[in-house]
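Alright, structures below, take your time with them.
Here come two complexes built around chain A, the first alongside chain B, the second alongside chain C.
Right, the complex of A and B next:
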């Protein structure tokens, strides 16, 4: 698809995501953000298991939870002293907010079934996040954004 | 203290084909160079980040009265935009764009298009308008509009082959752009027709 737009179908629910814009924004800051993460032995999204283990039937649920997670608990704690980095984070955050709005519609139309697996996985992600102080956890989560994008 | 500078007026956004420029009227102070700084605030900043504003370094302390916002307005959400004037020690209040700006309102122009009859081959060249743009090309044999055919072009390469024409016949083409990120299309370009050899 042009400009990397990806169409997700969850039942009759259809969500278009301009992935290239998000990827381009993240690629511009990835090295800087990951460089700020001193704790290399811990992962927020992949510990103890990768996102890839989640059944496709529960993908919508996890994506819905994760977009909420990034919007509510990550971007706003990642303000840096670098104006360029902040602009790119804003670009990604506003794109996530726009997509989150669409995901909420799917969720409200019961297209986003949450089974035990996705519920447990998201609980684990929150546990991993709370295991660090807010800024470290937020910065690490932002640094792992490509894990989420690649999985999607 | 020093009297405040007047805030910039006539702030507006010119958005065409997903390129967004903020413009304003100059503030003139006798014998002084007035500079301007621009900031933006997306929906995320309003709702989740304490209504914070983000400066644009390429448009900080500039003397021109225009700022390219394209790179920063990269989500389909409502944005607030503001600009202020400065001279040395004095600053104006912020002048804010009236109402939000959402890129969904960008003006989409029909694509520039050139069609070529290369022997019996109907070819088209389309303007490269950037990664956000797809093209819908319609083509038909003149007089047979009911048999109109369509090609969707997702990425611009060089020349696009549309059809093989029958000898001596005339074929017509028109095209429009489509932007997936905002789910909108332009009007169609003017129809162009060419005749196959023979």
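Right, the complex of A and C next:
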């Protein structure tokens, strides 16, 4: 596998991801990004229930939705005044983009079945996101990237 | 409500975590000598309600064990410390968001070795997650980190030749060795996702049995 990639199995969907590259990128900006999120009472991904509650059979569906969510609603609204931080964010975004393409293939081949649980969970995530202004919601979501990575 | 607090805040408030024994540490406020007392609170990220840690109220030490409060490694946490001296107080000083799963340090594995004439067997045991009391069920870090594996070094003490092995289960057999020779084994715990590595264990040395036919 190239650059420390690893094959992840989400039900029948198999995807190669360089997770450590994403984790290293996030670790470099975690304190900075999380420091910009003063709201402790709400989590976008974990409120009111943790991702860990989702059945493994529906994991692919949620991951497919979440990668679209991060590409479409998070990374593009997370520009900072720090070019180093911005570079790390765009590197993570590029990794997400390439993973997203693989997930779309799985989705098109009906490997990412969405049940009620994952549909409800993703609806909740969008509700949490819309409960804040876009920049705060995007920054908070980015600060929670390790919650997603730990769960995957 | 809080008084107006003019004392400088505690410094460098952070978690130090080993095998998920999560201890909050800090340094005394700038320019204060002896006599400073502290109190501690913590919160779960996404819940946000601050909870006072009663065992760390009016303490003079600069650490507080929050392992049981932060035992759920699927959650993330904040902790905060306030200082008091001669009737004055400081503002609260918080940690960064603490993620036990990715920020804990892990110990080397336990290593046990045995030998035959031409091979040695190494049994590796992952460290255990911190637990509040001996009666509690033990949780191996191998259960917490499904990707946990071991890097093992085997050194021929006579020739100084060293081999390296990456072991995913917990047993390693090294064949085709020289009889009557001392071999020393050292091992490291290694997690691939998230990326965590322990130090190497101390060396465990054992001699292969002498060749009976010689």
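Assume the second predicted complex is superposed on the first by the 144 of 152 C-alpha atoms of A that agree within 3 Å, B and C clash if a C-alpha of one lies under 4 Å from a C-alpha of the other, contacts with A are read in each partner's own complex, and residues count from 1 in each chain.
As a convention for this text, a contact is a pair of C-beta atoms (placed from the backbone, for glycine too) under 8 Å apart; a residue touches a chain by one contact, two chains touch by 3 or more.
Predicted model only: the values in this text are computed from it and were never measured.
When the two complexes are overlaid on their common chain A, residue A:76 makes contact with chain B while staying clear of chain C. When both complexes are overlaid on chain A, the residue A:49 reaches neither chain B nor chain C. Shared-chain residue A:20: touches chain B and chain C both.
Of the two partner chains placed by superposition, A:123 touches none, neither chain B nor chain C. With both structures placed on the common chain, the touch criterion links A:149 to chain C but leaves chain B unconnected.
By the touch criterion stated above, A:9 is placed in contact with neither chain B nor chain C. Using the contact criterion defined above for the overlaid structures, shared-chain residue A:97 touches chain B, although it does not reach chain C. Note: residues 20 of chain A belong to the chain B contact set and to the chain C contact set alike, using the contact criterion stated above.
Residue ranges on chain A touching chain B, taken from their complex, read 1-5, 16, 18, 20-21, 25, 71-72, 75-76, 79, 83-84, 86-87, 90-91, 93-98. On the side of chain C, the complex with chain A involves touching residues 43, 45-49, 74-76, 78, 96-97, 99, 101-102, 192-195. Considering their complex, residues 6, 19-20, 23-24, 27, 30-31, 34-35, 39-43, 46-47, 50, 52, 143, 146-147, 149-150 of chain A touch chain C. Of all the residues in chain B, the ones that touch chain A in their complex are 40, 42-45, 47-50, 52, 54-57, 71-72, 74-77, 79, 131-134, 154-155, 180-181, 183.
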